[in-house]
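Across the two complexes that follow, chain A remains constant while its partner is chain B and subsequently chain C.
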Partner chain A sequence: MTLLDVRDLSVRYEPKASRPLDAVQGVTFSIEPGEFVGLIGESGSGKTTLGTAVLRLLQRPGRISGGSIEFNGTDITDLPEDELRSLRWRDLSTVFQSSMNSLNPVVRVEGQFRDAIEQHSSLRGEAVTRRIRELFDMVIIDPKFMTAFPHELSGGMRQRVNLALALALDPKFILLDEPTTGLDVVVQHSILENVRRLQAEQGFAVLFISHDIGTVLDLSDRILVMYAGRIVEDQSAGALLREPLHPYTKGLLGSYGDPRDEIVKITYVPGRPPDLSRSMVGCSFAPRCPERIQVCLEEDPPLVPLNGGRAACHVAVLQRAEDGAETFGEPKRGFEGPQFVKTADESRSALTNEVVLSVENVSKVFERRRGLTVTRTQAVSDVSFELRRGEVTALVGQSGSGKSTLAKMITGVETPTQGRIVFHGPDGDRLVSGFKGRALRAYRSDVQMVFQDPYSSINPAKRLGYVLSRPLVNYQGLKGEELRERVKELLERVALTPAERFINRYGYELSGGQRQRVIIAKALAVEPEIIVADEPISSLDVSIRAEILELLNDLVKENDVSILYITHDLLSARMLSDEVIVLNGGKVVEKGPTLGVIRAPKDDYTRSLLDAIPNPF
Partner chain B sequence: MMNANTTPVPTPGEDFMAAGEAGQELAVEQVSDAETPDRWWQVIWSSRKARVGVIILAIYVLVAVFAPLIAPHDPLDGSFEPLAGPSSTNWLGTTTSGQDIASQLIYGTRISLLVGLFGGLFATVIATVIGLISGYAEGTLLDDGLSFLTNVFLVIPVFPLIITLVAYSEVRGLWLIVGVVAITSWAGAARAKRSQIITLRNRDFVTAAKFSGEGTWRIVFREIMPNMSSLVLASFVGAATGAIAAEAGLAALGLGDSRSVSWGTMLYQSNAQGAIAQGLWLWVFVPGLVLAILMTATTFINFGVDLLSNPHLREDA
Partner chain C sequence: MTYFARKFGFFLATLWAVVTLNFLIPRLQPGDPAEIMVKRMAGKDAALDQAQVEAMRAMLGTPTDSLWHQYLSYLGELIHGNFGLSYTYYPFPVTEVIAQAFWWTIVLVTVAQVLSFVGGVVLGAYAAWRRNSRFDSVVTLGSTFLGTLQVFWVSLLLLYVFGYSLGWFPTSGGYEEATPGWNWPFIQEAISHSFLPAFALLIVTPIGWILGMRNTMIMNLGEDYIRLAKAKGLPDRDVALKYAARNALLPSVTGFALALGGVLGGAILVETVFDYPGLGRLMGEAVEQKDYPLLQALMLLTTVGVLVANLAADLLYGVLDPRARRAE
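So, the complex of A and B:
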């Protein structure tokens, strides 16, 4: 019997102040007992809304506006809260996105388990403790942490605790909503393996929501692809990989490549998803689709059975119809959109350029004084490398590896405890060490930064024109018409065209990728020698990451800018950098030309980072 | 019917979103459609309570501005029959010295609103400057100094201080009251702003502003402050309400400007002339009532201001 049966489900948000929005539109799918189903889509596609609707956890102004949800034979679409309560956690449980916030900070971990277990079962006292111990073993956490408060656990451990909590009552169904977002790659990898192993052992069904098709393909039996509030493709993982039906799925698949190849090509889906508060004619993906034909702009494609799965695409259906291949061409596997290609040759020449920044045996020790005791933390120890003109060096490591501290020292905010950093600028050599005031300001005309989170690095109260004009005013003293022209030039340089359209907008009106372009344009305004890019793509959707990488790559080629690219992701390091430095615990564990390091990693840590890259191919 | 040739077939690798392409038009169009969130006045207006408050306040402002046109008599003109009851000449009757109560009430609106406006404004300016600077410099000596000052002003018993200051001053003008109210009432708001800026100053956009070469003043007041405008507005409304109450309180104790007419001085006069003992209820009751209504209105407006900082409340408004 089908465990979860969702029919024609629609969710509508009706905020008082703005237009209503159909976040989920007529979605139909089912999950069998013990099935592991992945749900992918970019941010804003409605996947989280769908997940919360299935759990009946929607909050105002959202509500289920149509369709039904049947769980284990019971229709729960309109079930009263009291009856839902007995169902929740016992049969349906979930692990939320933010591991940091979903545990009560003032209750010990054990207490939170005890609450859930005693509410829904007859276990009491010692039996509950035994069960909790068992659960901790399951997710590989030392049971001594049972009496800990949530803040005493690391992010990865907290998410494991959340997973154990979700499993506490042997539920039939678990919703995992991006359970590992924000965690380190290596931790992420081990948690997901844990999930998959437990699922195989215990046979619960999973709906796994993620924007990352790589991890979803690794784990799931079947995959639902969501775009603009609808399911556009539903296939088994194997079939989806072999023969993706919808062009959007092809676009998502195209965002992965094998970093070991001599030539790596990754594609991206340009543009942004449609505004769901407006009515649409034709296929919602058509504006971004390289395969579209006339009918796509006129008729909305229904989700129809195709190739053993389901797909909502005119082209895919027509191509597979009898004689269809003659008129509409053979079905294509790849995404025919823009792509970013990196060959190994490009890197070789860059490594002979002159040096712009040398880091010589740099160490950093942080001292924290608490009363009379001083705790010392060695954040960086004895790191040396050189950054050359027109070259990209990647600093790779997980959080706590010292890469951010190193970036702070290079941008002149922190002073190295030992060793020195020398900037070989146009006005001669300069020793970089904890600049203050005017010196720091002057140094920043040569060294700029691109931030991790494009959503918080543009002032929400300012228009883009203002944001971009400030460095020009401060460093070049431009004003009036000249300033305006230069701002437009910057916008066009990062392909935000026509510039007039963007100059008076606020940051929040743009997509993540567009915002990151603005940040890059801002960094370019002062014509710097070095750009420090701190995980510039990690908070972007997988489908548009290549777009930003390509832009950065073009800047290096055209402007002789050097980029220090800080990341935890070796695939993007391969796409962008010429040289890679792997940091672990503040020490350099491996260093060399990117392709060489990736093909023949010498250090175990580099190997574990490589293993953690989801590789669906 | 359908023809694949109607759409240009993109060659792999080529940027099919290049300028001039129909697809790009469509994609960019979606950007320019992005909704601008409501402006702050629209948000405030969307709350029913705040709407009531704004309407009442608007009526008070109109009365204050057009007082000479609305008031039937000069408020200090003592030529009427003393202690007359309500009539068509004296709508609310007269005082013991033969002045028209209705006219005094109408002119009194001016003082209350002026004190509210300027007292609130000055208190907010002091609170904003001290709170923002001390919060932005958190952990430094400057912050320690400013926080100490704020704490001192927080623990001072405000009303006795106001009374002492006013009682010993040479002149008893409107501006003295405004000044005294402002310097005694900024501390709480400064503390709130200090904690708010501590959460904002580590946002990436602040670091980004530093990288574009902005100075500290500009970062604090041009980059960060616009992001806490709802807090500034709420504290202004709060401070204005407090200032109106303080002025009325002082005047009712006889510490107001004896030459001007305000609701506070009306209360003082009525009390001094034994209005309650004589059963002149209107004289006592009406100034207190208009004062209470005005303060209720400003409090209602602050419900609307709350919606600015907490969008979740907007759905329940």
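So, the complex of A and C:
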């Protein structure tokens, strides 16, 4: 019997201040007992709303506006909270997206297991403790952490604890909502393996929500692809990889590539998802779709059975109809959109340019004083490398590897404890060390930073024109018409065109990708020699990451800017960088031309980073 | 444990600094208290009689030795609880004057503060839990309205309506004819006299707690651990109390401890309007009369009160929020 049966489910948000929005529109799917189903889509596609609705945890102003949810034969769509409570956690449990915050900060971990277990079972006292110990063993955490407070655990451990908590009552169904987003790749990998193993042993069903198609393909039996509040494709993982039906799925698959190839191509989906608060005619993906035909703009494609799965695409259906291939062409596997190509040749030539920054045997020790005791932490030890003009060097490592500390020293914020950093600028060599005031300002006109989170690095109270004019006024003293022209030029340089349309908008009105473009434009304003980019794409949707990588790559090619690219992701390092430096525990464990390192890693740590990249191909 | 030890160390250091400043500041002021007293007694325009001033100095025991010796003897006197004589209530010692006012204020203001805090936090939490309900609207709008009123104005209004017009409560003082002490007639009189001042405080002080608690709790209700608690199928009561309110209470605890510390300063405006024989009124008088010894002692009492409350808040916070213990 079907475990979870969702029919024609719609969720509507009705905020007082703005137009109502249908976040989920007539979604139908089912999950069998013990099945592992992936749900992918970009941010704003409604996947988390769908998950929340299935758990009946929607909060106002959101509500289920139509359809039904049947769990294990019981219709729970309108079940009163009192009756629902007995199902919760015993049958339906969950691990949330940001489980950093999903444990009560003032209660010991044990207490948070205990209340759930005692609420739903007859276990009490010592028996509960035994059960918690068992659960900790399952997720491979030392049971001594039972008495810890949540803040005393690392991010990975907290996530494991949340997983253990979800398993506490042997539920039939677990919703995993991006359970490893924000964790280090290696940790992420081991947690997901743990999930898969436990699922195989215990046979619970999973709905796994993620924006990362690689991970989803690695883990799931079947995959649902969601776009603009609807399911556009539903296929088994193998079939989806072999023959994706919907162009959007092809776009998502295209954002992955094998970093070991001589020439790597990754595609991106241009444009942005539609505004769900406005009604639209035709297929919601049509404006971004390279395969669209006339009917796509006129009729909304229904989700119909196709190739053993389901898809909502006119073209896919027509091509597979009898004689369809003659009229509409053979089905295509790839996404014929814009793509970003990186060849190994380009890198080879970059590595012969003159050096703009040399890092010589740099170490950094942090001292923390408390009373008379001093604790020393060696954040970076004996790191040396050179950055050349028009070259991209990737600093790869997980959090705590010292890559951010190194970046701080290179941007002149911190002073190295040992060794030296020399910037070979247009005005001669300059020793870089903990600049302050005027010196830091001067250095900033040569070395700029691009931060990870484009959502919080633009002043929300100012228009983009103003945001971009600040560095121009401060560093070049431009004003009036000249200033306006430069701002427009910058916007166009990062492909925010036509510039007039963006100059008077606010940062929060833009998509993540567009915001990151603004940040890059801001960094370019002072015409720097070096840009230090700290995880510039990790908070962006997979489908648009390539477009930012391409922009950065163009800057390097056209303007001879050098980029120090800080990341934990080897695929993006391969796409962008000519040389890669792998850091672990503050030390350089491996260094060399990117392709060489990726093809033949010498260090175990590099190998574990490579293994952690989901590779469905 | 180091958390608590460190907090206690800071407390002692600050206490010493306060005591020392309390010694230094009056001595840095221009003017001679003896001269001022003589002037006040003789009238502003009369010429100063040096003999009178000398006599006054002798009487007040104004010291003539070095600052260092003064400091040492000040510390000595402090330890023995000796603050000198009040100018206004001459020849009563400051300690005695304060002791008389002390309990009036402590009982009135502490009771008012505790009731305000408990009531405010409960109302705020419930309003947050039932946010956008009618209850929430009434509480929020009501608090915002009452919050715009000044406490002395509320006091005058109460005094006029319940004291003069209706005559239900006495209009001034702390008691009438009964002998102060543990006897029923006195307690009855004390309660009826403190009713209106307490009422005035209870109208105004909970506002901050209500709005503060409501806002933090609404923010907390959006946290993932609340969603998870609901997903765990815990009863609403548990989610509201153990998860939401427990966390939302944290910021208020510090505020409450500080408010309790402020009790020793009395409620100057309310006590003055009701002519209530507490520390607040006393402080008002001391300022008006330039009664330095009294003022100095009251200041010290207030700051020590705040310091002790601060320490208590820190310690309590350490118990309530495990993150604070490790934060530094």
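One rule holds for everything that comes next: the second predicted complex is superposed on the first by the 617 of 617 C-alpha atoms of A that agree within 3 Å, B and C clash if a C-alpha of one lies under 4 Å from a C-alpha of the other, contacts with A are read in each partner's own complex, and residues count from 1 in each chain.
One rule holds in what follows: a contact is a pair of C-beta atoms (placed from the backbone, for glycine too) under 8 Å apart; a residue touches a chain by one contact, two chains touch by 3 or more.
These numbers come from a predicted model, not from an experiment.
Engineer: Please indicate which partner A:Gln378 is in contact with in the superposed arrangement: first for chain B, second for chain C, both, or neither.
Structural biologist: The answer is neither, since A:Gln378 touches no partner chain.
Engineer: Between chain B and chain C, point out the one touching more chain A residues.
Structural biologist: Per-residue touch count on chain A favours B.
Engineer: Once the shared chain is lined up, is A:Pro270 touching chain B (first), chain C (second), both, or neither of them?
Structural biologist: first
Engineer: Kindly classify A:Ser399 by the partners it touches after superposition: chain B alone (first), chain C alone (second), both, or neither?
Structural biologist: In the superposition, A:Ser399 contacts neither chain B nor chain C.
Engineer: Just checking: does A:Ser10 make contact with chain B only, chain C only, both, or neither of them? Give me first, second, both or neither.
Structural biologist: Neither partner.
Engineer: With both complexes superposed on chain A, which partner does A:Asp453 reach: first (chain B), second (chain C), both or neither?
Structural biologist: first
Engineer: Figure out whether A:Arg501 sits in contact with chain B (first) or chain C (second), or with both, or with neither.
Structural biologist: first
Engineer: Quick check for you: in the superposed arrangement, does A:Ala116 touch first (chain B), second (chain C), both or neither?
Structural biologist: The answer is second: A:Ala116 touches chain C but not chain B.
Engineer: Residue by residue on chain A, keep only those touching chain B in one complex and chain C in the other, then list them.
Structural biologist: In chain A, positions 60 sit in both the chain B and chain C interfaces.
Engineer: Any idea which chain A residues touch chain C in the complex?
Structural biologist: For this pair, the touching residues of chain A are 55, 57, 60, 81, 84-90, 92-94, 96-99, 101-107, 115-116, 119-120, 149, 151-152, 370.
Engineer: Chain B touches which residues of chain A in the complex?
Structural biologist: 15-19, 60-61, 270-275, 277-278, 286-290, 292-295, 318, 327-329, 334, 336-339, 341, 441, 444-445, 448-449, 451-453, 456-462, 470-471, 474-475, 497, 501-502, 505-506, 509-511, 514, 519, 522-523, 525-526
Engineer: For a test of understanding, state which residues of chain C touch chain A in their complex under the given definition.
Structural biologist: Going through chain C, the ones touching chain A are 132, 223-225, 227-236, 238, 242-243, 246-247, 250, 320-323, 326, 328.
Engineer: Across the complex, what residues on chain B touch chain A?
Structural biologist: Within the complex, chain B contacts chain A at residues 2-4, 6-7, 10, 12-17, 19, 23-24, 26-28, 30-38, 42-43, 46, 203-205, 207-214, 223, 226-227, 229, 314-317.
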